[in-house]
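Per-chain residue numbering starts at 1, and chain names A, B, C and D are given in the order in which the chains are listed.
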Amino acid sequence: MTNISWALAAPLLALAASLAGILLHSTRDNQRRLVCSLLLLSALAACGAGMAGLLSHPDTAVLPIGLPWLPMHIRLDALAGFFLLVIGVLLGAVALYSVGNLRHLAEHRSLTPLYIFLPLFVAGMQGVTIADDAYTFMIFWELMSVASYFLVTFEHEQDANRKAGFLYLLMAHLGGLLILGGFAVLYAAGGSFEFGAMRAAALTPPWASLAFLLAVSGFGMKAGLIPLHAWLPEAHPAAPSNVSALMSGIMIKVAIFGFLRMVWDLIGLEHTAWWWGALVLAAGSSSAVGGVLLALQQHDLKRLLAYHSVENIGIIAIGLGLGMIFAHYHYPTLAALGLVAALYHTLNHALFKGLLFMGAGAVLQATHSCDMGRLGGLIRRMPRTAALFLIGCISISALPPFNGFVSEWLTFQAALMAPQLEGTLLSALIPFSAAMLALAGALAAACFVKVFGIVFQGMPRSRAAAEACEADGWMQLGMAIPAVLCLLLGVLPVWILPLIDVVPQSLIQAGLGKSAAGGWLWLTPIAPERASYSPLIVLVALLLAVGAFLVIHLRSGEKRRTAPWSCGHPHLNPRMQYTAVSFSQPLRRIFADLYQPQDKLQRSDHGHPLLVKKLRYQVHVQDQAWRHLYLPIKRFSEWLTRRVDWLHHRPIHGYLAFTFVTLLLLLGLLL
Amino acid sequence: MNLFDVLLLTPLIVGAIMTFMGHGRIAAALNIAASAVTLAVALGLAYQVLEHGAFTAHGQAFFLDAYNVFLVSLTAFVATTTAVFSAPYMLHEQAIGRVTAKRLRLYHAMYQLFVFGMYLGLTTNNLGVLWIALELATLATVLLVSLYRTPAAIAAAWKYFIVCGVGIALALFGTILIFSTSSEVLGHGNAALTWTLLYEQAGQLAPGVMTIAFMFLMVGYGTKVGLVPMHTWLPDAHGEGPTPISAVLSGLLLNVALYALVRCKALVDGATQGGLAGELMMGFGLLSLLVAALALHRQRDIKRLFSFSSIEHMGLMTLAFGIGTPLANFAGLLHMTVHSLVKSGIFFTVGHAAQAMGTQQMINIRGLVRHHPGIGWGLLIGTVAIAGFPPFGVFTSEFLLFTAALHTHPWTVVLLLLGLVLAFAGLFRHVQPMAFGTPPEQVNAVRVNMLPVYLHFGLALWLGLAIPGFLADWYQTAATLLQGAGR
Amino acid sequence: MRSELLQQWVVVAAAAMLLIMFALLAQRHMRALLRWFALQGVLLALTSALVAFVAGVPELYVSALLALLLKGMVLPWLLWRIVLRLGVHREVEPLVNISVTLLIGAALVLFAFYVSLPIEKLSQLVTRNTIAIALACVLLSMLMMITRRKAITQVVGFLAMENALFFTATAATYGMPLVVEMGVAFDVLIAALIFGLFFFHIHRTFDSLDLEHLEERQ
Amino acid sequence: MNLWLWNLAEALLMVGLAPLATAVVKRFKARLQNRRGPPLLQSYRDLAKLFAKQPVLAEHASWVFRTAPYVIFAATALAAAIVPVILVAMPLTAAADVIALVALLALARFFTALAAMDVGTAFGGMGASREMTFAALTEPAMLMSIFVLSIAAHSTNMTAMIDTVLNSGLSLRPSLAFALAALVLVAIAETGRIPVDNPATHLELTMVHEAMILEYSGRYLALIEWANQIKLLLFATLLLNLFFPWGMAQTADAVSLLIAAASWLGKLLVLFVLLALFETWMAKMRIFRVPEYLGLAFLLAILGMLSHYILEVGV
């Protein structure tokens, strides 16, 4: 069985799963088991194909379907391989998780649409990665969009979900058309829809720039780069948790893939203008900081996580932008560094964001709420979930020895290579984006202290939270896999990097080369004296330090437990705790100019202002992109539609008059 | 008496029969049977053309080439499925007393007459007869639109009648002008209006006259195609008539009108070696696309909504034929096919939805997927398909149109993109709440026959995934045929 | 000598057509309107008969006869019946006041002439002028349809347009082939019948033929 | 191998001297305020006492609460072990560069905040919220200011950075000045000294760090306090050795090591005097002035960056 057939097997198995979903709609349990296991198989196939793509030469095939003169071409190269791997890994975990998760969901309603569209969605994503002509690419791309739309609107009774779905599909459609435009430009130059021809096509700079802009806007819209991110925080929470895990973990990465395929591969970096990288870098920086800042003000767990996806996409984009800038100035190795950093973060984010969304799903299932104001103290009710979730939190906060830190470390290294460049504007922009990256990292840490502290620690803020019960084995397994990988990727980057390094080698014929100069212990992306990091040593040292003290203290194990001090109150109650809102208050105050929060305080007292009866504080932070970009567009188009509508409420003379005037105008052309 | 005569005579005879006993179950069955027969015949003819190339019948009176035989078979197919759909639909209408037996007779008779008109128009070789056929189809549909005799229906039919009447009259003037110059070349008599001959002699026709003629033909046939700003009759006509008629109007009659327009364009291009005709068509196409896209947002009636979507798509086709390169023509033909399939399919579901809810006001149609999953999902899938999402064929054709446009007129791509997005938004903002959400209390159960719908969508899906070779060659030949008039 | 006679006649007839068009535009009363309309039909019949006689195109006699019967007698009579039945025979009720309409009409005629300037002479009888006048007549009849409120006046306008086309066909081209002529005539007849049908429906449902009422149904 | 041993020795030195350092600062302050102040060994005694005491936990404290102190201490100690104190070239410095250093401190802070949130008291939440907010500003500032150096040194490896400063001789660079200023501000904030936070206060509304560890007692408290003292020494050493490394031993021979040790202690004393002066001279600022203060630090750091790129690259 050749590599390509493995790659093909993945989407086919997914399609089979979808088919099984339709056929077995009568027997729910078999339906669930079969679909999940088929998805698991598809995941395994994707992993296998991914490894094959990374380790061996590109392999292509032509399918007997498609346009008459354009049968579907598929190709498995390093880039496709890497993303297939990412998809496969998380998909496997999610498939296992779903076995448990969906059982509970099935108690409320029929899941048949879910079983139909979830596999289609997966097939779409896998298909995009192996597409080798524009037509196939677009087919799978839009399949991915449409299927995920039906997943977002799965619980369509809620008004919010429908709104989210509409916004999502609308932006997906627009994005798809922009991408199509990009391909059209390449087609015009290359004369064929096959990627091979597009690669070979010689683009004139203006056309290349046009294609690039179309690609950035199109894929950026799917990836959720600010300000094209509006759909993301709406859609991800709306979908069922296992789907949000896939959407946030993989789908937006597929957009990154598309960007790489189109800009780095098809257009080719030899055509880059210096501002291409700068643009991506700027977008990345603003997304990184903007995303986390907005995340900090969210009090719905899944919404918060969704905004963090915006942040992490921003970080990835920073890596890509740096790579493109270096490529423009002909520093292939550094370009490779930027790309590798981005790809590594892609993998990492897929893992920990998948983990976090699955954890959120477990919480939602246990407490029927994602509103942080109603959660708390879950660490005692669901300790395993808490532990796994904590791993996710540490990883996404870019703390050693977990994986998030490694990729941000690499990105910093890339940014610190800036002095190589000439051109002051860039050299001003790059350190700034490095600063933004640092800021984003720190804010993320703050945000996840908030998340873990409010959701899992302290005292339960609602009965549901107080009576929550631990997620079942399947779900724990599903979460455990990415958790373990988070640690491994954090500790053994030296073993992972050579694998990723294949991608830049195939894309820009340059790689990091030996990223482990000082032996397998030492991660040295450029040169040992430049920068080195040995996560394993760090880990061992940490463990030693902790272990030593543990030994000391296991001797004298006895402890006394009393009530915590509560300013002399008789006993502490949950309402005295800091809430999600109050936790983020200082930042809200610091960045008030960015947030422009609208808050109102209602108080009623017994006659005297000090005898407070009731105090009610509300604060709402709106995504400024709405105020300044989306609503104006909406208003304008509404205005236009009103104008046009006027046409259609004329008396019949009016209609005849239209015909008449048209005729006169046409004849007037002849004068 | 060859195959060809069967094609024309069947609907005529059956129509005549229907005028007397066109009510009750047999009528519906007969209706289906007749359409099925014509479908078989059409396929037979298609086979002939594919095997032995274009041919003419009854001297020069009729002719069949790749272009129109393909439209004939498409028409026959949709007409058949529509007949299948209309059987239970009209029964329900009769049951709730919207139509009497007398009206049902009229309905069936006119249905066949209308189909006859389209076959005549498609197969005739004579521009004059083409015009007559279109007028005939128009008159037949006028009676169909006013079938319910409600004030709104009357108003709509009247509007349809007057606006289209005037339009068609202008088209006749254009035809006369063509004749006035062609008669100099080909002498008086039928020869001077025979398309095939004109197509050969196009070079010698007086450019000045031909240009003026095309202006009139553009406005005239454009009115029937439903091009902005002569489209005003279309939404009402679709909205007030019985749903099967809306389906065939959208799916077929507009195609035939566009067919006529394209035939004339081929001649004018031949006469005036310039691209004026093409540019005019592109202009009208884009205008229709944009205006319809914007108008979609403001609709309240579900059938009006989808009729505006039809205007949008006719705009796309007109644009494609206006660009006129083989690729663009290919895209246009493909789009014609898939649009007919999908749009008529949508109208079937819409009809059932309206019956289920007892209203066409979208505000009152909610939560279809809950109480009528078949209808609800059908509507959703259909909308997704018509909005140009793969793997449905509409995407394929729009994809090709996109590239074709970028090749010749890059600037149109921007408007095209804008229009498509606006149209999608306008369509979907209305469809989603109808399909999703919680349904109202009272919903009347309807016997739905989703077979035609699935058939149509299935074909559209097939065309999206893989265009069969013979169809491709077919489009190819037609596309080149349309492009190369006198060039 | 014959062809000269024909040419002169064609020009005269064309002028007459134009005149009648303006007359139709100018009418205030139904009865007069229909009279002029009938006259137009007769003029058509004469023209085609003469063309048939001079140019020796026998089948034009048929269409001449058709014109005389249909447009000269049947249709005006039908319309008059309807007018009487519905009792709408008094006012024509223009939307735009008559004199303005006439001015616009004049402008249209000029426009038509300018448009047809680039047309080179095709033959001795298809002159630039005939086409120009035909064009003008079509435009004028459309103007009439636009500027009249009552449904029935619109119909008259519509039929007037048909007449203009018919005139063009005969005067400018020795008449279309018979098949076409027949078909066209047939269509016009059906159209007229449907018109009649509609009048009653409209009258019943809106108890007036004022088109404004139709709009309230949106 | 012996390098590793030496590295371990330095680490132990840092950890061991940390309490003394704090005591020294206390002593200086006391003197400046005309008090005698506690004896220098007092802080050791305190730690010993705390270690001996039986810890008291809040009822619903979870395992996070109990493990946090170990993680905090370990991370801080490791951070201390990274920084070259006496000898420039050290293996652990290669194992974790400046970015890792910052990250390790962040890890410690992360767990401190989590521990604070764990019990669910208002103070814990307040402390955690403020701490993380300030950290969000200090961390990037610190990274930026260090990056200025590492860009100049073309390395994020502290050994290399110190080497470049040593070898480049005494060259006044605006970027370095900016960076130094930023790092000083950051250090003050990070170690929770006046004017950002007051280690001596227990006035609820002004506490930041104290609020977080309010619920701790016994050995847990001891570990955290100790970690804090290490942090102070760590930052002092970092400032001195990055910007004024003169005297540090580049070769591991006894003489230069002794000189290095001596110079380190000397520099420390000077720095502590300055700190004491500063603290007696300044008053603690209001909690919402702090962000402005930290913002200033961040700004200075970025300015350092920019000035390096725009003024000094290629110079």
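Definition applied: a residue touches a chain if its C-beta (ideal position, glycine included) is under 8 Å from a C-beta of that chain, and two chains touch if they have at least 3 such contacts.
Source: prediction; values computed, not measured.
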### Query
Listed by label, which chains are in contact with subunit B and with subunit D?
A
#### Entry: A-B against A-D, pair bridged by the larger set of C-beta contacts
A-D
### Task
Using mean C-alpha positions as chain centres, tell me how far subunit A is from subunit B in Å, no decimals.
44
### subunit A-subunit D separation of Cα centroids, rounded to whole Å
35
### Task
List the centre-to-centre spacing of subunit A and subunit C in whole Å, with centres computed as mean CA coordinates.
70
### Query
If you average the CA atoms of subunit C and of subunit D, how far apart do the two points sit, in angstrom?
100
### subunit A residues counted as touching two or more neighbouring chains
650, 652, 656, 659, 663, 667, 670
### Task
Identify all positions of subunit D at which a residue touches two or more other chains, and write them in rising order.
none
### Task
For subunit B, write out the residues touching at least two other chains, lowest number first.
158-159, 162, 166, 170, 212
### Summary
Checked against the stated definition, the touching pairs are A-B, A-C, A-D, B-C
#### Entry: subunit C-facing residues of subunit A, complex
649-653, 656-657, 659-660, 663-664, 667-668, 670-671
### Query
What part of subunit B is in contact with subunit A in the complex they form?
158-159, 162-163, 166-167, 170, 211-212, 215-216, 218-219, 223, 229-230, 232-233, 235, 276, 280, 291, 294-295, 297-298, 369, 384, 387, 389-391, 395-396, 399, 402-403, 406-407, 413, 417, 420-422, 424-426, 428-429, 432-433, 436-438, 464-467, 469, 472
### subunit D - residues contacting subunit A, complex
54-64, 67, 70-71, 73-75, 77-78, 81, 92, 94-97, 99-100, 103-104, 106-107, 109-110, 113-114, 116-122, 124-126, 128-130, 132-133, 135-140, 143-144, 147, 150-151, 154-157, 160, 204, 214-215, 218-219, 223, 288, 291, 298, 301-302, 305-306, 309-310, 313
#### Entry: Sites on subunit C touched by subunit B in the complex
57, 115-116, 118-120, 122-123, 126, 131, 134-135, 138, 142, 145, 151, 154, 158, 161-162, 164-165, 168-169, 172-177, 179-180, 183-184, 186-187, 190-191, 194, 198, 201-202, 205-206, 214-215, 217-218
## Note on the structure
Given the complex, residues on subunit C that touch subunit A span 95, 111, 114-115, 118, 135, 139, 142-143, 145-149, 154, 211-212, 214-215, 218
